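Reading through the structure tokens given below for one structure.
Each chain carries a letter (A, B, C and D) given by its place in the written order, and its residues are counted from 1.
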Amino acid sequence: MSPELPTAPDLHVIDWFNTPRPLSLQDLRGRVVMIEAFQMLCPGCVSHGLPQAQRVAESFSRDDLVVLGLHSVFEHHAAQGTPAALKAFLHEYRIAFPVGIDAPSRDGGLPKTMAAYRMQGTPNQILIDRQGRLRKQKFGPEQDLLLGAEIMSLLREEASPFQPIEEERRAAAACDGDGCPVPASS
Amino acid sequence: MSPELPTAPDLHVIDWFNTPRPLSLQDLRGRVVMIEAFQMLCPGCVSHGLPQAQRVAESFSRDDLVVLGLHSVFEHHAAQGTPAALKAFLHEYRIAFPVGIDAPSRDGGLPKTMAAYRMQGTPNQILIDRQGRLRKQKFGPEQDLLLGAEIMSLLREEASPFQPIEEERRAAAACDGDGCPVPASS
Amino acid sequence: MSPELPTAPDLHVIDWFNTPRPLSLQDLRGRVVMIEAFQMLCPGCVSHGLPQAQRVAESFSRDDLVVLGLHSVFEHHAAQGTPAALKAFLHEYRIAFPVGIDAPSRDGGLPKTMAAYRMQGTPNQILIDRQGRLRKQKFGPEQDLLLGAEIMSLLREEASPFQPIEEERRAAAACDGDGCPVPASS
Amino acid sequence: MSPELPTAPDLHVIDWFNTPRPLSLQDLRGRVVMIEAFQMLCPGCVSHGLPQAQRVAESFSRDDLVVLGLHSVFEHHAAQGTPAALKAFLHEYRIAFPVGIDAPSRDGGLPKTMAAYRMQGTPNQILIDRQGRLRKQKFGPEQDLLLGAEIMSLLREEASPFQPIEEERRAAAACDGDGCPVPASS
């Protein structure tokens, strides 16, 4: 394996929905994985990120591509932290792909998976290749046309050509229509 | 006052946001009142009902028209019932008009204001005229063009021509993109 | 009649569609009239102005409100000037309200009705009250909520309270998504 | 070359815009080609097909992918057939990729390229691979996510795995929001 491309960090999940058993990236090797990190109360997640993840889940075979949701709460913990609230949310928004609750940190900072991936906020989109390597991480909205191309590019890979991680930085200080950034102090 | 047009039932609210003191319909006499009943986890409320209420609040003078939100939770109580959750929701969605939490019933059925108005689900739009009479109640989405016309019609009234209440019935069994209906058994 | 509110200038139309006989503002006295001036090749007319005019035509009774289209070509005359092209356009876009072709000027400048109303470009929206007076003229997009309120305000008038003409000025140098302005030299 | 995959028929174009010289598929070998067949007066082309083609042209390098427009007029010839009208249309809608006028047939039927590809109407999307073979033909709207994936799949091909042509049949009798079908008798 190339030393240039990092292996995607493990998921730290305390509870799963829409799956009969816990999932791990290790178990998903061989398939492309798309992770959509979100918060129930993040407007950009509800209006753009999650609907796009649903379109992806419906457009590609689950044998090739697995879409995972990750509820990464970094603000309003009391308001959106309960599993019951998330379960109701997934039901009402008809989200059928597996969703995990990102493990809270002990010190009240970013949840563990979010911190491991150094996400900047939500929605945050992650693509992991068939070999388990992190290939894309993006905070904020993404165009369907580009996402479709990126996914197909990874689907057509075997063990082959490496590409750098796309990691875009957005400058935002508070939730806007596009997403909710992690405050600078987190 | 005409015997044909009913006075709008009082609001039963246990907590208010975005207002320094509790509001009552009695205090708002002389102005037109629009009430947008919603639930945080109702997709049609988030995508259509609340954005429309925000446009109304921004388009008319508060001296003439008051927009009120009413959080009428009739399902997933544990998930969306806490004031902290609602407060975070209003913050993230930048809802600036006054919002009240509809008082839960003792028996776990519809909240009290929702029951008094016999609402069929959320989002539910209510228009009350300058004399405090119920003039429109509608479950589900409404066109901006018609709503603008209805509001202006009430704004131009003094004590004058009476119109029947518009109350449309929608047949829906579960939440869809347009709204969340009250189950038949409620 | 008030000296403050001008009578709407007459229409100069060389050809009509979707009406068995030519229309004049004089004949429409007693009803509110909305005129949507457009050009076939104006993107903002196709995406916003004409669909909004169609919603208005479908939302109000023709006994109270008449919607008229006005094809006011001030650029690309050769390309969009023929009646056959307009007829095909109206057919494909399913525009059912009456549409007139604004009479070209002799000197190749603005067509006659457009000049008489001193329109700044297309789409241009005009509202005329029941007494035939010009009450609104606006170049560019308009919100449905406000338009609905303006129309209802005029519908509820008899002979009564006069309002100034709303005429907004937009600064634009070429067609954009909102509209096509008349060049400064016209 | 595989006998299973047909070579894309030649283009029959009488006039080109947005290109200094006529284009041929032969000259574009080595690149993926997307052809968007449209008509100026086809609502689905204006609202969906052409904006999507513009997004494609802006999202991929022209060294890899060439987007071509093809004005394939099969109805309202008098209204939309003139080069001057098309030129004005391309200007107003800011279409910057090369566009050709499909050569009319002698008998007034489908234009020649449209007939050679046996298109069912407009908008019609065509994908041609680096070897000049027809790989996709679709009448009506297409999702960005799928189109992005299809394009990337062709971009990553060298001489390799063959796939069947995707050709979907839609049942439509007249222009609707999605497109304008060729009448059954054509």
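Methods note: contacts are C-beta pairs under 8 Å (C-beta built on N, C-alpha and C of every residue); 3 or more make two chains touch, one makes a residue touch a chain.
Keep in mind that what you see is a predicted model, and the values were worked out from it rather than measured.
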Reaching chain D from chain A through chains that touch each other, fewest steps: 1
Rotation in the CA alignment of chain C with chain D, degrees, nearest 5: 180
Geometric centre distance via CA averages, chain B-chain A, whole Å: 35
Distance from chain C to chain A - Cα centre to Cα centre, in angstrom: 49
Multi-chain contact sites of chain D, meaning residues that touch two or more partners: none
Chain-level touch network, classified as line, ring, star, complete or other: ring
Every chain pair meeting the contact rule: A-B, A-D, B-C, C-D
In the complex, chain A residues that touch chain D: 55-56, 59-60, 143-153, 155-156
Of all residues in chain C, those that touch chain D in their complex: 41-43, 46-47, 75-76, 78-80, 82, 84-89, 91-93, 175, 180
